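Here is the structure we will look at, set down as structure tokens.
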Amino acid sequence: MVRLLSVLLALVFSASAQAEKVFVYCSEANPKTFNPMLADDGPSFNASSQMLYNRLVEFKTGTTEIEPSLAEKWEISKDGKTYTFKLRKGVKWHTTEAFKPTRDFNADDILFTFHRALKKDHPFHTVSGGNYTYYLGMEMDKLIKEIKKVDDYTVRFTLTRSEAPFLANVAMNFAAILSAEYGDQMIKAGTKEKMDTDPVGTGPFVLKRFTKDNSIRYEAFTDYWQGKAKLDKVVFAITPDPSVRFNKLKAGECHLIAEPQPQDLPQISGNPNLKLMSQPGANVGYLALNVEKAPFNKVEVRQAVAHALNRENYMQVVYQGTASIAKNPIPPTVWGSSPDTKDYEYNPEKAKELLKKAGFPDGFETDLWTLPVSRPYNPNGKKMGELMQADLAKVGIKVKLVTYDWGTYLDKTKKGDFQMAQLGWTTDNGDPDNFMGTLLACGAINASNIARWCDKSYDQIVMKAKTVTDMKARTVQYFKAQEAFKKNAPWVTLAHATVFRGLSKKVENYKISPLGTEDFYPLDMK
Amino acid sequence: MKKSPWARLCENRGAVVSLVLLSVWVLLAILAPLLPLNPPAQIFDGEQLKLPMWNEGGSSRFPMGTDDLGRDLLSRLIYGAQISLGFGFLNVVASVLIGGTLGLTAGYFGGWWDRLVLRMVDILMALPSLLLAIVVVAVLGPSLWNALWAVTLVALPGFIRITRASVLAEREKEYVQASRAFGAGALRQMFKTILPNCMAPLIVQASLGFSDGILNMAALGFLGLGAQPPTPEWGAMLADSKAYMETASWLVYWPGLCILSVVLAFNLLGDGLRDAFDPKL
Amino acid sequence: MLSFLLRRLLHAGPTLLGVSLVAFMLIRLVPGDPVLLMLGERGGSPEAVAQLRHNLGLDQPLYMQYWHFIANAATGDFGNSVVSNRPVWEEFTDRFPATLELSLVALLWAVLLGVPIGVIAALKRRRWMDYVLMSVSLVGYSMPIFWWGLMLILLFSVSLGWTPVSGRISAAFDLEPWSGFYLLDTWVRGLGWAGFWAAVNHMILPALVLGTIPFAAIARMTRSSLLEVMREDYVRTAKAKGLSFFQIVFVHALRNALIPVVTVIGLMLGMLLTGAVLTETLFSWPGVGRWMVASVLARDYPVLQSGVLLLSVLIVAMNVLVDLLYTWLNPRLRGNV
């Protein structure tokens, strides 16, 4: 009986699907916001930046190459301090319930967007909490001296110093361009938060409805400047449980799933209706040791932890052989990763010695935060946490495992509330600075430098690496930086994981992005 | 001749079965450290997801296989009995002590104290039980002991009401009136005269309270709000093995069956006790 | 009847006040400053902290905060969720129909199956049929439903592939809620049979799981209540009069036996809400139970405080209703409740 019904269902289903191309993506978490400038996590960027907005320049789908977007072309001054962007004409804004645009995209929107994050007296600066994680983490506030509107379709950025990765930075998700006209209207209506909850962008899809813990629905934007997407509708089915995502993929309820579990991979590749795609990930999973909290303020303790963890075992148990041990923050797939770094080998005896030297012959008690969601760089934080707990117990460190929901977890780790915490990173511009600077520089404390490690000499090396433009010279600097990092051990570097995607064979043109984000605009369905 | 409740209980097949089952569990739980078991929290590197010994590829080293981290499932199940029965017991003791005392004094003294206690019961009953427990744990922080307090708080109304009701019934009986005439003090009357005669319903409630407590503790563990790793708690074990439902289904079967068997036994015992004390039915 | 209702409502008032105080205090017992907990460090510019503290009314003395909480609640303002920034009331009404629909379907099968099974067991007392039925219901009564749900998923979804594993309807159906009852809305919004079956299919397992304990409780209650009634004088009289067994059971005894059963069903709301927390979590059912669990993990205190209060109001209201029904069914009690 039930089978009969499902056959019936499938029939009616396929009939209706032909009329409309509905693409269902089983995502792993609620977006924290629909405004990319306030976001700092993959699920939020996928749901906002990629779907709804554009940036001045963008990464070509599936690569780290930069291509024109809202800026048609640009000029960089000889000293590397001035960037002049020529903007595209005829770019339309979304029309939504909250907003009817009266003009096309222009230079005012660029100024509005960047000034909101950078100027403390901007009317929107404190709206929705005012957490501009990336702007701070990338030190954009210190870098950008001035943004000038030359005419309606020309803007000029003046920087305080030459910055090699600047163009890649403004191609990143957080630099999505918002509508100044929408902002003005919301000021008049007294509903400024709407900017962030009822988004209006220039991107390929329009947000139709967000139901928390359930789904996000989008429709193709008919007037999109690159042409209407081939998909008519896109649905993000929010499914935090990875085994449920896998079952939904098998049942045909979703066409693409985020972060399949390693143990499900053989089943995906063996299924005639599904395909498994993979790519060496430009990511790193790490265990951050909060250097502001005793006993991790002692470098010996941090080194002891690094010696105590049996990472070889994690590769098998947690990643099922789909990752390699990380010795650097920079993954080998990104240039600048140092092959000479000497890693801390698994050696409990040495760990005990180091602990003794640091004044903890009997170990100590502490907390370890485990990731609440599966991420590309760590598919099962809790499981890894239990393995770490057992490893650390062997050298006398008694660990309590702690976790929160994803949003709270991110907030609290940034705040430095923890002692040890698992986290990781997928590059969002393919530049080594995106690891060494963004995650470890002094200026990124309270943003993405969650270990709160601040070393002046290290900072100088990284700063120098950023201001010179010659790639060889930069590489030398990053090698030096990695050596300094390793010696100080603010993290235990854990893994560079291969990124997998399970998808239905109906889906065409899908590419895994090395930057960890999903771009659905080019997709089509059979 | 009137049979004693104990004799009647022994005639009740269900109750006997439940007593045997519970004795086995209690013995296993107490003797666990003496049994030739692997330590429940020890991770055996390279021995993840080993099949139980009766399957091909299983070995007698891990009779019921290992979990996703490579820990001995049999050992975890048996040590899990310590947690479930132990904390179930603590929960019942705390409920009887607190709930019994409140019910006894409320029924005995009456007046404003009775009204106050009844109002508290009303308030607790108006809160959805598991939800209240969840919120309490959220406030106190997830741990086994905090889960115990939460579950006990939720169990209180039942114990208070049962005790109070039987105290009210006893209070007006002749022997109580007589003992008062002989000048027995309030405490003596409550605990020496009335309480022993209210034991029957309290014992039945305690047996049922055991099963409720174990279920609720397991539910909190399942939601990640009870026992924290690496404690081998049945509910938490279930939550961890959810992801391996297809590839390692034995990890899902056994913890659930353990919970079911213990809860079932206490419910059977409760039914048996009720029939034994009240042979009408 | 009216005065009874009034008395009952007067009694409910202080209880609800007590509940609101419990909900209010629970949240205040959280260690640490709730504002700093809610904000990340970067939201923590002193002005932003002060702003949020003010918005939440946390800069006022405790008794004023409590007063505002209940005064606002009385006018239907339950504050805003910290996570979604939407009114708690809206969030609640978005999700409540999902829980209600699931609970009603669960209760429906529990009653339709539980009452007949209880009656059969009572009529076949002490025979094998009785033992089998009562064993089944005892197992159901003792079931850890989160495990039961996993077993059903393993069998029906994973092995047989018959039923979906989560949610209320396939994501491909764009169903804009009308009543919030998907079994109805699929028709209202013109999704037709395909949509309706998708909704039914998603409903089967969660409803089965959620109804298990109520089913067992109803079966057990019906059996013991019927057995008790059968021993009463009027049944004996009826037997003596020579009425047929059928008449005795179904015309006289059952009617009276069902009075306590009705009460139990009414009081089952609390049980269903408890079950809904686990069932909804297991099946990703977007209802109130899952919302509360998610709010616990997100430390969304306004949601917890008001959510607990709202659910309690529901339970208290239901209890009043049951009391009314009970007195109506059983007029002897009217004087002295």
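Here are a few things to note about the model shown:
First chain written, first letter: the chains are A, B and C, and each begins at residue 1.
Basically, contacts are C-beta pairs under 8 Å (C-beta built on N, C-alpha and C of every residue); 3 or more make two chains touch, one makes a residue touch a chain.
Remember, predicted model here, so these are calculated numbers, not experimental data.
When the interfaces A-C and A-B are ranked by how many C-beta pairs touch across them, A-C comes first.
Chain centre most remote from that of chain C: A (centre = mean of CA atoms).
Mean C-alpha position of chain B lies 23 Å from that of chain C.
With centres defined as mean CA coordinates, chain C is found 40 Å away from chain A.
Each chain gets a centre from the mean of its Cα atoms; for chain A and chain B, those two points are 46 Å apart. The multi-chain contact residues of chain C, meaning those touching 2 or more other chains, are 158, 299. For chain B, residues that reach two or more other chains under the stated contact definition are 242, 245-246.
Within chain A, contacts with two or more other chains are made by residues 241. Looking at the complex, you find that chain A touches chain B at residues 241-243, 261, 263, 267, 310, 313, 316-317, 380, 382-383, 385-387, 389-390, 400-401, 403. Within the complex formed with chain A, the residues of chain B that make contact are 41-43, 45-46, 48, 68-70, 224, 228-230, 240, 242-247.
Partner chain C is touched in their complex by these residues of chain A: 2-3, 5-6, 8-9, 12-13, 16-17, 22, 24, 126, 128-133, 136, 193, 197, 209, 211-215, 217, 233, 235, 237, 239, 241, 244, 247-248, 250-251, 253-254, 372, 404-405, 407-408, 410-412, 414-416, 446-447.
Considering their complex, residues 14-16, 18-19, 22, 26-27, 29-30, 138-139, 141-144, 146-148, 150-151, 153-154, 158, 224, 227-228, 270, 273-274, 277-278, 281, 289, 292-293, 296, 299, 304, 308, 311-312, 315-316, 319 of chain C touch chain B.
Remark: chain C residues 39-45, 47-48, 51, 83-85, 91, 94, 157-158, 161-167, 170-172, 174, 176, 192-194, 197-198, 201, 284, 286, 290-291, 294, 297-299 touch chain A in the complex.
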